[in-house]
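Next up is a structure, given as structure tokens.
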Amino acid sequence: MTEGYAGWKALIDLALAEDIGSGDLTTLSTIPAGTMATGVMTAKSPGVISGLDAAAYALWRVDPCVEFTPKVQDGDSVAVGDVVAELSGPARSILTGERTALNLLQRLSGVATITAQFVAEIAGTGATIVDTRKTTPGLRELEKAAVRHGGGHNHRFGLSDGVLIKDNHLAAIGGADRVTKAIAAARLRAPHTVRVEVEVTTLAEVEEAAIAGADIIMFDNMSNEMMKEAGRIVAKRAITEASGGVRLETVRKIAETGVDLISVGALTHSAPSVDISLTFALGDN
Amino acid sequence: MTEGYAGWKALIDLALAEDIGSGDLTTLSTIPAGTMATGVMTAKSPGVISGLDAAAYALWRVDPCVEFTPKVQDGDSVAVGDVVAELSGPARSILTGERTALNLLQRLSGVATITAQFVAEIAGTGATIVDTRKTTPGLRELEKAAVRHGGGHNHRFGLSDGVLIKDNHLAAIGGADRVTKAIAAARLRAPHTVRVEVEVTTLAEVEEAAIAGADIIMFDNMSNEMMKEAGRIVAKRAITEASGGVRLETVRKIAETGVDLISVGALTHSAPSVDISLTFALGDN
Amino acid sequence: MTEGYAGWKALIDLALAEDIGSGDLTTLSTIPAGTMATGVMTAKSPGVISGLDAAAYALWRVDPCVEFTPKVQDGDSVAVGDVVAELSGPARSILTGERTALNLLQRLSGVATITAQFVAEIAGTGATIVDTRKTTPGLRELEKAAVRHGGGHNHRFGLSDGVLIKDNHLAAIGGADRVTKAIAAARLRAPHTVRVEVEVTTLAEVEEAAIAGADIIMFDNMSNEMMKEAGRIVAKRAITEASGGVRLETVRKIAETGVDLISVGALTHSAPSVDISLTFALGDN
Amino acid sequence: MTEGYAGWKALIDLALAEDIGSGDLTTLSTIPAGTMATGVMTAKSPGVISGLDAAAYALWRVDPCVEFTPKVQDGDSVAVGDVVAELSGPARSILTGERTALNLLQRLSGVATITAQFVAEIAGTGATIVDTRKTTPGLRELEKAAVRHGGGHNHRFGLSDGVLIKDNHLAAIGGADRVTKAIAAARLRAPHTVRVEVEVTTLAEVEEAAIAGADIIMFDNMSNEMMKEAGRIVAKRAITEASGGVRLETVRKIAETGVDLISVGALTHSAPSVDISLTFALGDN
Amino acid sequence: MTEGYAGWKALIDLALAEDIGSGDLTTLSTIPAGTMATGVMTAKSPGVISGLDAAAYALWRVDPCVEFTPKVQDGDSVAVGDVVAELSGPARSILTGERTALNLLQRLSGVATITAQFVAEIAGTGATIVDTRKTTPGLRELEKAAVRHGGGHNHRFGLSDGVLIKDNHLAAIGGADRVTKAIAAARLRAPHTVRVEVEVTTLAEVEEAAIAGADIIMFDNMSNEMMKEAGRIVAKRAITEASGGVRLETVRKIAETGVDLISVGALTHSAPSVDISLTFALGDN
Amino acid sequence: MTEGYAGWKALIDLALAEDIGSGDLTTLSTIPAGTMATGVMTAKSPGVISGLDAAAYALWRVDPCVEFTPKVQDGDSVAVGDVVAELSGPARSILTGERTALNLLQRLSGVATITAQFVAEIAGTGATIVDTRKTTPGLRELEKAAVRHGGGHNHRFGLSDGVLIKDNHLAAIGGADRVTKAIAAARLRAPHTVRVEVEVTTLAEVEEAAIAGADIIMFDNMSNEMMKEAGRIVAKRAITEASGGVRLETVRKIAETGVDLISVGALTHSAPSVDISLTFALGDN
């Protein structure tokens, strides 16, 4: 589900405005006002569904008279041929809103589906798949929800709800004890309600971060061997996170190093869409 | 280049708002105000670049003092290690805007890159690769520009700048001469400045559409053999377009049927991102 | 009818905001909350009605409890004394929204009315009256609809849904074959779904445009004699359009030259309002 | 000049968005990026200029690199052939912004021009021409400024900066002393910084309004004779205003009745545009 | 009540966006979707209520399914323990919207309460308490309504609905007759529907303002003795207003000088909140 | 400093729009365009300054030609008579923007000042003063910054960047182990980057929360004695926070109980403004 106050709705408004512009010339030409119709959204490729709220909102914005009735829930797996949702209402409105609703549903289901694949791959290890900020511009709320629907967990939403000290921040702090100083600086400024995470690349930094009281330590592009050793060093003093170029083929071995979290940019930056199509029929429901 | 008046800028504002929220806690904690820095954006995977304007605008919105200097142009191919752009300015602003700028550049370059692959695949045939409305919600202007940067051509922008009569419109019109009636209806209502395209599935419809004066006839999910025959029927009376599940492996055979245009939803709905990273250094340029 | 996604509604919001500001002092002072009323909108001058949707939307934005019931349809002719619409609802809301609703209805009906006059003037010729981009800033969707309600046809909506090569574009291209080059340049860049129109002033340009495959050729400020000759040159290879200072007194002769389209800026830039007034009565409907 | 904070700029943004949409296809096709040009805006019909700020803002929003140099001031009279303004800057930006800038300038100059005609007609009488709320939706700030540029005076801006008790408000109050009660109700609720005006139709109401302390008394659709008598009754106890169907042919006789103000809806609801055209040349200024 | 068209609603949208952001993590975690609940808003400190519309709108924007039923009216006094409003609806929505609704209600009731204290203090004198422009940025409409709910009267809403000539304006005009000239300049430019007020500091200026026909004369930081003398000079030729550092302890003596209006910035710039709390219970209403 | 992307700027735009409306009638009447002026903002009451960025932005939005030069920094203490900032630029723009700039500066300095008083009161104890969500609607970013300028620390910004389980959430979970279950539910849903805080009222709940791994435990309206005992129970397993009706007179005793944090709603819901005034002089800087 999508729960933010305004952002995702603003995105959907932009999407409708860019598609509909000054009016759907084809539909206005060929469909008389007042014609009623029904539609069925069906999966043409298998996947995990996400984006039902977004699709519903898009259709509602086009015309509150369109009824959108999901037949599955966000997070459900669908096979080819499964009905995802049924629609009924004014034929013009269904045809005008169809593309935007499907574009949202297909892309978000794509994110949920790839997430579910990663999650399945590490089943039985103690690790958790988390997302990143490599989301589609404007769609972060929707894509973060899709990751949850796929069984993943969310990393921080953005720059203001978590501290993640990266190499560039450490470089700016400088000095031999830069990890320690950076963590202290973050504690001083950030609300006490957010955790402090630091990205490290060496085992010495791992040790320093743990001593300095980092809440979360991110192992950046470390080998699996190195991550095992890093985990031993941390010794449960902090949450550990593996990051960097994680692929479906490599994720299980990473999980088996014992890290707590594995962050995967590909969940949102390169997920192929799930194919969902609308069949349409004139007449009332 | 991106030339629309307002849409793409509104999208970038949404993207920055969702990422930055009430402030970049980490950067504000660890980087003193007034610190200057430089950055280099480098390709980590090969591709065709698109989105330089979008990245520049994103950084400018974060802070007009950030200078963004592209070292390539939209449409240029880059190899691993090529420098895409250089940045200089306040360290805080570069770090705060980095992710949104990269997200835009990586995704749009992904669209340009896959487009270029399709274009290359059909080199020497007379066909042209065109995009669809299966774009990322909110990013249509940017993705349509990326298709051009990849060497493709744009289909209509949205529902108000072209007529495309589909099966559902024909079904609503009904009757044996529904193709003819639909084309006439569109001529009556739409500005004379837009062309009328009709999607057909049988050879009889092809013939009817050509006689009725369709400007463009879309062959929907026809076999290559059928498209060849359809092209003979049209006999240059209209522009012809192949559509439906076109893949990199199948596109050349389709082009060789003699169709004028091949529309490919995958250009925008499933393009993997190009990997571009920022290296960052303190100090003035 | 008004079918665009967002533009015309945004305009009406601006109009209400500028009129109502921080509240209707007079109505709030003199009308008790809860008072119900009815109203009747009556034509005080003859004309063709347009803007019923706009008026309805304006009143709905002020208060969804106001019922607005049109007694005619957009495009209907009304005589003095004809009832255009009936209203009922909270007295405060009717009085607060009245002026904006009437301003919209009167102006848009003015556009429909003058359009109908031009259309009547050329009855029986094969020509069609079309509008221009000389619309009231912010009201383009509404005024383009009003032109259709008056029996006219729309030219392109704006700069992004049609190509219209004018003298300044030709001057920038330059060279003896600038018409040919400009048409080719437009084909290369614009979606294939929009037509290419070129504005010409000499018969040589007419011939060049027809050979170069212009879809539409605009005769700019030509004499009627010259337009007849131009039409013979085009010989149905393109749609022809007369443009420039067309007036009600001159339009029939222009139509008789055999041009397909006559574009008339005055439809939208100088249409006098139709006079419509609201009579108001306390009490329920 | 235009001095409001946000309204008129929002209107111009809407106007540019509706015209430019996803980009000016013609200009982008035919004018190379980087081409510089100059332009001259020249009056093609005589009139009084208004809207220079609006035109300048529109061009600046398209491209801050366009220089717009007025050669006259708002309120100046121009003859056919007079130069109104000069432009220089990127050719693409001038051509893309031209239509919106001209649409604003032509319409607002139309309002200033008709206002000046009314003002000239009553020269030497003590009366003042004032506008009404019958303005173009969205353009009130700009049109109110145009009225001032034409030598007229502004009535209240909208519903929240003045009290104007009309027949419908009086009907809602009811009773023999409804004028008195309405004025008292307005004093009670409205800020003491706004004046209270009441619209009356009988001489008895005139007397009642004056006794009740109305600041301004509007004579609604009274004959000239009746207005003279009404003026005698008021005897300078209030400002007097004539209203209702005032035309250029009738305005002087109305002024000669001795009323202080004459409000004219036609200043803004039916003003024909002044014809202003742009000539364009490649090259730097 | 709050009657402006758009401003106060925009403020509430900002307030909800800043509080809810990308979602209420706690409520989403702990309250199942579909759980219903009721709530009671109770006064924890005595005061005069204002902001019921604002609170209702905030809750409605979070979820139109939340029913908000005021048990008192704006302007009513409440004692500790009095029920202000009852709520019922989805538990998640009530908890998510609670803080914003309460923040509005508490602050606006604070303004109404302090206003009522000032009003009570001057009971029986002929003076009226009015507000100033020292309102909380963004909340002017709501706070001006709160002043009315507390029994005060509103000064001008802002810079465009009244003329108030201050020392800085007089200084810019200059000359011995600067008060006279400033009043004349304002009459020339401002709509005749707004009154002209001038702020004066000496008795000579008082006399000049009265002669020049000021509608309202503001005595700026004068002693009570001086105001009495100033009132004698004005002799009912204008409305008189006392201004400057008025406190609850000093206001009665000021009122007893005979001034018509006393403007008090503290009504809105320093009003302590009224304490109102929400008790919450699961289950249907 | 204020670092959020968009919220605080949107608030300032609302504030300027509400104050300036369709134009500053007084200034436009009395100050000729082109007049230059300078101004000095001076403290009239002692306090801690906050809001310099906000004031600067407000003036810049009115007119980028106004130069605003702070003479102190946010967080500095000022005495009566201290210069806070100097301005120079167009006289009209300074006078038009003055009130909004001062309203921001005075209120935010009020927040910083009261915060500094609370901070001073607990000097030498180990406790930290933190704010709450009881901020002025729309001003949260600015007020949270003001709290930092006063030496306080921020609690979570809003509902999406921290988990704070309150009595109502616990009631909805229900059961003897509701504290434990609520914490687990939050861990499951919320990003791992935010901490989980729980509000408790009994010592048994304190113990349960500590065992269940709450990151922060809020003692809600406990007596000081009870908080001491609660602190002993927690025994550094979690951060402890005192909450509920904290006043300047009671805060030190609370701090001496050994709690880590003391949250004070009064910092933002009832802070009196600091008095800052603008003196203005014609002429250049």
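We just call them A, B, C, D, E and F in the order they show up, numbering each chain from 1.
Just so we're on the same page, contacts are C-beta pairs under 8 Å (C-beta built on N, C-alpha and C of every residue); 3 or more make two chains touch, one makes a residue touch a chain.
Everything quoted here is computed from the prediction, not taken from an experiment.
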How many steps does it take, at the fewest, to get from subunit B to subunit F if each step moves to a chain that touches the one before?
-> 1
Shared interface numbers for subunit B and subunit D above half of all numbers used, same, or below, different?
-> different
Can you give the whole-Å distance between the Cα centres of subunit A and subunit E?
-> 45
For subunit A paired with subunit F, centre-to-centre distance based on mean C-alpha positions, whole Å | 32
Taking each chain's centre as the mean of its CA atoms, subunit A sits from subunit B at a distance in Å of 22
Spell out, as numbers or ranges, the residues of subunit B touching 2 or more other chains.
-> 4, 7, 17-24, 28, 140-141, 157-158, 160-164, 189, 191, 194
Residue numbers on subunit D that touch subunit F, as the complex places them = 1, 3-7, 140-141, 144, 157-158, 161
Within the complex, which stretch of subunit C touches subunit B?
-> 4, 130, 148, 153-157, 160-164, 189, 191-195, 197, 216, 239, 261
Residues on subunit E engaged by subunit F in the complex (per definition of touch) = 7, 10-12, 14-15, 17-32, 35, 37, 91, 95-96, 99-100, 103-104, 106-107, 110, 133-141, 157-166, 168-173, 182, 185-186, 188-191, 194, 269-270, 272-273, 280-282
Inside the complex, what are the residues of subunit C that reach subunit E?
-> 13, 16-17, 19-24, 28, 33, 62
